[in-house]
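What follows is chain A paired twice: with chain B in the first complex and chain C in the second.
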Partner chain A sequence: MLQDVALGLLTSGVAVSGTARLIVDIAMYFGLFVIVAMALNFQYGNAGIPNMGCAVQVIMGGFTVSGITVRLMFTMAEAAGTELLPWANDFDWVYNNPSNVSTMNEFIGPRMSFGVSMLLFSLAVSLILGAVIGWVIALPAIRLRATYLMIVLITMADAAQIFGRNIPAISGGTLGMFIPNIYEWYPGDRTVLSAVITLLIGIISFFLFRTMLNSPYGRLMRAIRENEVTVGSVGKNVVGIRRNILMFASGITALSGTLLAFYFSYVVEANYQRAFWTYWPWLMLILGGPGNNAGTFLGCALIVAMRRVIIVNKWFLQAVFFFPIAYFESILLGVLLIAVIMFRPNGLIPEKLLYIPGVNYTKMVNEEVKIDWRNAPKARGGSSGIGGIMSAFGGGKKEEES
Partner chain B sequence: MLIPAIWVAALVFASELTLLSIGFTLTYLTAKIPNFAHGTYAGIGIYVSYTFAKIFNLSPYFGFPLAFLIGGLFSVIVYKIVIGALTNMGGGAIVLTISTLAIQIFLTGLIQIYAYWLRDRYSTYAMSFLLKQNDFKIGDFPGIFVVSLSLTIVSVISLHYMLTKTNIGVAMRATAEDPELASVLGININQIQLFSWFLTGGLACLAGAMIPLWFMSTPQSGAMIITSIMAGSLLGGFDSIYGAVVGGALVGLSEIMLTTWGQAIIGVWVGEYRPLVPMIFLVAVLLVEPDGLHGAYTKFVASETGSNLLKSIGLQKEEY
Partner chain C sequence: MDVDTILFWVMMALWVIMPAFIVYEEITERKALAEAEAATEEANSS
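Take a look at the complex of A and B:
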């Protein structure tokens, strides 16, 4: 089984199948969802921003591929002398899409550098566009109450889908668009390569988020989550920091949409539904435990594995239910979400304290809990005690008393 | 017909949306959270109407009292099992809002299964339907036009009477203002909360029961209408019931009329963008005046010109 996966990775012409196919599928979806859920954890778990608009950012990644990368590919291929059917106006763009894409696949076949550079180009563009769309959709409500932000973001997913459905130039409208296979140069199974690349990007973004969290900025984020008035009173621009976090995480979320588009070789707005790309990542985040990347990984792995196994075995499970099993999905999602919120509010893995170089933060906080600080001696050396915490929130400001 | 069909549609939709927005605002006042499941109560009402019309072969209007009761019951169950328990556990506003989303997902799933079961059991196509032919006519007007307008006006007036004149309404307002102080004065907060959740659920389900008599309905339409409800409630200012009446009516009217005029002036393709109208309202309200019409009115009254204007037409400034 595992050998089959490895074979699909290395040898040519062997398509993975059976259980090995299921493993590849789970790995791919795990990679996609872990990027979204980690970005969500960065926003909600650590900075307290309830981003209910993940679907908008993911859809932006998909639209980047279908609307920008494909056009660039066609232009470059024509410049290189390949004959393509006309694709300038909306009708030709959609109608000639399949044959153009198959011509493009032949074009990419011997050119590995072209495929890789197109992948990198789409990732870069979707990072930027994701950040831009994060800025735009947060604009009305970022200054206001968190519930207003939720309301605006949750409606924006529908807006993005409406635009995608009605403007064929973006993603072919309701018909969808085929995407040239940028892994065409690869001799083995392209789904395996795609899963490996997705997991790789997931790992890179994990280290990115971890580094940011362990920096002074991470402490600032947690301070905003706990009490934004205090943070504002020590001279930090709370709204600006929130906006930066939202934009950064939105950019990372958009990467997942780009990778999904290349995995399917197909983009259609119906693939980027709000239920799928917002509610499920939220369930993963809350199940694993907000504010903690290990929990996000665990929640993500559990939910993705459960979902894929149910989908793959749905014909066996169908015998149990009197209604189509697709409707069972929303029941399951709702019940799981409520159950986790009610019975495990901190998730499977509780939140850990941040790492601060040179300070034993855990010990410091534990001491704070034990000691009645009104009677405690004022100077306890270095950066411990209440002053230490304040300096930690201040992001590396010098203590006044020492 | 005296009134063009499109205005009938707009007024029917506006009155339904007004009822829904009032309920949404009432929930926001008592529980301090936007209840995303509010539109789904309307979805339950849609299927109560469908059941009466197609399964029992009665006029859907006979289902209205039952719809009110069922909606209230669902709402009370939701409050008892989820919202109340989470509030006692000390869940914050964000956690409570996420739980209402979960309830919305769950209830939508239930409605879908019910629709499928109806199709399976009675061989009627319950996935997408319209009950216009089950309506009656008063003169030239379709019955739903008269019924929805009068039901909404009666509900608004009786709500106003209840909130200002009766003991339970005053208790409700006190609970919304400050639950602890209200409990000190001997108000049973728990009962008041239950009553207001029953009322909001019932109103939402009643409004939902009117929807299929004029508009195409699917199991999803309850979940889809929530954007319009939130836009109406936000336009009125989240914490004012009178604002919600005006806001719901305005959003409902403009959603249909703006789309129709846009189709006539710009082109037919504008019709596809109808769901964007409430979103534009949401964004515009948040950018211009986050407190909505109620906040704008309060500011206007507080200003010099506003109070002078009110005095000149013989009105007294309300004392808060």
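Take a look at the complex of A and C:
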């Protein structure tokens, strides 16, 4: 009985099948991974922060839906007069979840504004919580050197999963939990709508990152990547800037976790594994070429298409390989990584020099400077040279008196 | 034509437009960089 309910919840509103199903699936994963890979490119490609904890931010997005949005939905539905089974304690929260979610789907069906507002609420909260988790990560880790920072972030990704596995109130523990279908009002296949929304958010994220990178802050990021000691020596707060970058990118990364939760209508910590949400985006970035968005997109498109085709056609591919096909994906990850690092260390599309529209560097460099430095106003006023030093120590007053 | 088919093609359009725009921008920037480099070399040689 429970199995039928579970299967019904997972497949509700899914009508597209065959090749179209595969295309929708690839588009959805492309949208999700492109958000994560662009955020990673923003952090590593442009600021040199090796974030090996992308999974932490993605899992935060998923937990936002399962831990906060679902509770808010239940509370609002009960306030509107819908009768739900008890869900206050951990046991009821997990075991009454399928029944409550089924009731919620009936509630959302005729209320489009409710579904849309819950989607927007989840995205906003995951953006904030993603930034908060970025700040939390930055606290102990940001002062560390690259290698130690990577180790700390890998550990945090595992820690986030352990929290999800052992605290049922977050995401139903090891059983996971169903999420009400916020697209229940949509008359067609919810996965197509979900893919469109994900791709739209991917485009918005792209323009956000693009604007950031073309701004003076983007140039500061690149300067930190090249030599943080020099940037620090001219008075910039390197630690603060790195923390801001990590927070901003973490917020954007968390959006993909939220979108995945609504796509599956199900959240379990095992869906947010470190290998899946950290190593694959890293491979996309390294394959495409860090430091430019075109490379990130190319890497993302190639890897996602390859993975989905392998997963869908495992049955046919098994006849060709002598080893279990289940390992093929992991082998592919390793082989591709080694091949790219050996033969194309800069990726398929190497990073180009910085070009900012409207700024003519040639003119700036060749411009004649007509300033008479002797008559130019002093930055701190007063005199210079020995007199200035004397005045700084109180000797200047005597000079004026004499 | 049902809603799914329309949305499916909207999805395909988004999927094509996004990388196409990025590739266009990349090519434009590389071209502008090459022009700026050529102008610098010309200025240096003169």
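General observations
Criterion: the second predicted complex is superposed on the first by the 342 of 402 C-alpha atoms of A that agree within 3 Å, B and C clash if a C-alpha of one lies under 4 Å from a C-alpha of the other, contacts with A are read in each partner's own complex, and residues count from 1 in each chain.
Throughout what follows, contacts are C-beta pairs under 8 Å (C-beta built on N, C-alpha and C of every residue); 3 or more make two chains touch, one makes a residue touch a chain.
Just so we're clear, the structure is a prediction, and the values are computed from it rather than from any experiment.
Shared-chain residue A:Phe328: touches chain B; no touch with chain C. When the two structures are aligned on the shared chain, A:Leu144 is found in touch with chain B, with no touch to chain C.
Of the two partner chains placed by the overlay, only chain C lies in contact with A:Val196; chain B stays clear of it. In the superposed pair of complexes, A:Val239 makes contact with neither chain B nor chain C. In the superposition on chain A, contact is made by A:Pro187 with chain C only, not with chain B. Looking at the shared chain after the overlay, A:Met112 reaches neither chain B nor chain C.
In the superposed model, A:Leu337 makes contact with chain B only, not with chain C.
Overlap of the chain B and chain C contact sets on chain A: empty, with no shared residue. Looking at the complex, you find that chain A touches chain C at residues 15-16, 20, 23-24, 27, 30, 186-189, 192-193, 195-196, 199-200, 202-203, 206, 292-294, 297-298, 301, 349, 352-353, 355, 357, 360-362, 365-366. Residues of chain A touching chain B in their complex: 44, 48, 50, 139-141, 144, 146-148, 150-152, 154-156, 158-159, 162, 165-166, 275, 279, 282, 286, 322-324, 327-331, 333-335, 337-338, 341-342, 345.
Residues 2-4, 7-8, 10-12, 14-15, 18-19, 22-23, 25-26, 29-30, 32-33, 36, 39-40, 43 of chain C are the ones touching chain A in the complex.
By the touch criterion given at the top, residues 33-34, 36, 82, 85-86, 89, 91, 93-95, 97-99, 101-110, 112-113, 116-117, 120, 227, 230, 234, 269, 272-273, 275-276, 278-279, 282-283, 286-287, 290 of chain B touch chain A in their complex.
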